[in-house]
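Below, each structure is written out as structure tokens.
First subunit A sits with subunit B, and in the next complex the same chain sits with subunit C.
Now for the complex of A and B:
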């Protein structure tokens, strides 16, 4: 007997040849080790702000500020992004990770690299920053290679693949520029005695050339260009690109206008390229490229709004609300970007601190909050997959939404936003007690996040598996 | 004891035991079941996933197979994953809602 079709709302496919596909994702321990390490780094960074609030209440060209910033960007953001990409890129692009083994090695090298860099920035030993940075760069090379080989397998190229590829290019450039800045601050007298044919001498020679080029630009301009390459080129590009895949998956919707989505990525890329060059050269054209980035983000928000309006899943959980709050934080960050890009801006104390607010809101308001929002979705899924996937169809299993405390998630978001507000005001007022108070709010928020994470991970020890009950007829 | 005859409705009811853990909706209401064929005590279904690279793919496919084999009249169950046409949200059953929405 042949069943009558369509079943549910599915179309008739009896005429098509079915294709057997085996979906593959890396083992859950791979992304989880990145994510847990990242969360430890984030806790460390917030604790650092509370212990030493001057790192946000002074102008950011300071060794402790640079060390703390690298703890956030390399220790938290990069680590979590790398783990998430190893898991999500194969899912989002319907392919398979090239090498899980390579990813495990990259994790070890990355941790050694970022811990050493933060430590050496803090004591301002730039030569050692360069050495640990080279280890980190090796890890990034493995990461980019692994994902490039994964992207190579993508059966159908799309806007998400384009955004991820662009993000990887900007990330590689960020690392190169960062190492060049470190090289420009070092002397290489210890290598004078090396024979010319030795590899080390040739590498050092190359570094000297790069250092000579970087030295032509002012140090703060080079640092700002490096920061924008990493934060906008890598992190924001990924958030925008991956949102075009994850928001439809989580809210049951579709990209409403592919042209619009594509235009947002194109404008972002043009804006990033132009911004980095004009920041480096302190050019009058800075506002034009800042506006191009803002236009790309505005079009992204437009498409996001259209996707959410068309969603089939009406309720938004707290993970998505956190992500959308992060998208909302783009508004003050973009306004600050446009103001601070103005070429004739007086470089006084007020605008210096405004740059601090811009950097703080960019990192903690947009990128970190967006990542925490997505972690509210990803962590329960990974644990669910690790614990319950062999029992599907055999037993009643909890849903991922039942593995978390919504009250803790809601409380976490509110305290986080209050913390952001207090710290932003405190930075402008150069108030260390204010920064410390805001830091305490952030710590409470992270505590609530941690509490939820413990609840999620408790399913490894105490799985909630119940016997099946009789199937009920469809409510359709 | 008399067993219920094996019909498409019985098969679909059994498949409703398999839920997407993130969405909280069963695979029938999600519109993932494309075809049901019943031959004697054997059942063959063609189903899809919300995305071809879904890490849940193998467990959902296996879960659907177990749910079918749990039916007293089924001795053989085959679950085939197909991706043509690709799933889209318009395939969700009209009126279906996640229990947590």
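Now for the complex of A and C:
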């Protein structure tokens, strides 16, 4: 399909153009360390569900459920998203990462923070959750600062940059609210014996004020508001925003209606802001803002459909099929959101478990599956770029599509969807064996993903470089 | 006199093929010629690779969002 067109006279390009923005991606080792850590956390979370299926078969306001949830959201989703953003934001927005060194330090702080938080949630030591949470918050601060400085350099602002900026704001708020909730549970205890130094006194005094404010709201409402800020405000916002760049890139299409794409982001932001406040206050206006979020997502799906219809690459690979399956999972999740936002809903066992299904499908059905789909595309590209970019044009190299097993990808998607279905039914039936069975399907799916990841990473050790076949000089 | 131009339309390829095809093309590019590539986006990862090989690229965004990059020896 390569089109070598007739030779023509060259335009005079010297000295007549504005200075070009030199976009550069950071070293591939930076995103890869985040992604590998994230995959280990995801394996750990699924193994935990299999070992202790009550995590999903009991109401979610429980220390083990909260610990496992933070392993998924902080250990897997946040970690992989951070690594991907360090790589994608500079390339997608045609700029340069502000500081790679800062990102490396943030990785260390983030891992210490999330591992400590999950451990301390599991033993329900909220004071230590606060301490490790503060470390995590420091890492998030570095991450947001690094990306904000990177976004500041973006030469041409667009809808993707807007969505990323909004996501970073919601992410920062999520961390603040999370720490405030932790403070509300331990501030009184923390003041004992600590408030001897002036600086510590001020921190503890601040925590007391925050704790006083948070304790005016009911604990479950505050937890749900915190969860929606993070999952919808950060993760879903990023999925929607980044899709407006990655789907055109991978399927050779364009955003079909910029107004529609922009409207989806605006509605999402209004819906998130309203939902968080109304959830926190247990307001009767909850369904209005839930419907606003759903409207934003419906418009996103409309635009996605239009982009796919206009694509120039007819075949969809398994990475994209996984991503689209995750988008399809928005349908049951949005229906559940509208039902559960109803103010006069009786708070009984059935609706409590329906909340579990909603949370599980939101995290594993939409966000995790969308990320795994994109990782099918991003991991081979990163490894390919790291191993083969110095040899391009000098040797025969494999294509990224030749670095993965399509059968493993297909099998992985099918077993994942079966696992989601089994676990969702098992949650409603409060069946621990059912959750364990579904967890096994998820584990098999992740095993297939892991097998593909090993195959991709094997190119670091055994690069497949063949000598070039003697090339003819280009015709002049 | 302006140098001759070898043109490549790479809009039908997904990453990293535009990068591969461009770097393959400069290997056989005659000494006095310029390579002009047409891509769907600004080729963000290309510039550093070109510099390593002794070339420079200058891009101009088109009204349809695509990008034309002129590549010549440094």
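The rule we apply is simple: the second predicted complex is superposed on the first by the 435 of 476 C-alpha atoms of A that agree within 3 Å, B and C clash if a C-alpha of one lies under 4 Å from a C-alpha of the other, contacts with A are read in each partner's own complex, and residues count from 1 in each chain.
Please note the rule applied: contacts are C-beta pairs under 8 Å (C-beta built on N, C-alpha and C of every residue); 3 or more make two chains touch, one makes a residue touch a chain.
Predicted model, so just to flag it, every value in this text is computed and none were measured.
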Which superposed partner A:128 touches (first subunit B, second subunit C, both, neither): neither
Which of subunit B and subunit C A:315 touches, first, second, both or neither: first
Partner chain in contact with A:397 - subunit B first, subunit C second, else both or neither: both
Greater subunit A contact set [subunit C / subunit B]: B
First (subunit B), second (subunit C), both or neither touched by A:54: neither
Which of subunit B and subunit C A:464 touches, first, second, both or neither: neither
Doubly contacted residues of subunit A, that is, touched by subunit B and again by subunit C: 1-5, 7-11, 13, 17, 20-25, 90-91, 94, 248-250, 252, 254, 312-313, 381, 384-385, 389-390, 392-394, 397, 399-400, 471-474, 476
Subunit A contact footprint on subunit C (complex, rising order): 2-17, 19-21, 23-30, 33-34, 36, 40-42, 44-45, 47-49, 52-53, 58-60, 65, 70
Interfacial residue positions of subunit A with respect to subunit C in the complex: 1-13, 17, 20-25, 90-91, 94, 248-252, 254, 312-313, 381, 384-385, 389-390, 392-394, 397, 399-400, 471-474, 476
Interfacial residue positions of subunit A with respect to subunit B in the complex: 1-5, 7-11, 13-14, 16-25, 87, 90-96, 248-250, 252-254, 311-315, 377, 381, 384-385, 388-390, 392-394, 397-401, 468, 471-476
For the subunit B and subunit A complex, residues of the former touching the latter: 8-9, 11-14, 16-19, 21-24, 28-39, 46, 48-60, 62-67, 70, 80-85, 88-96, 98, 100-101
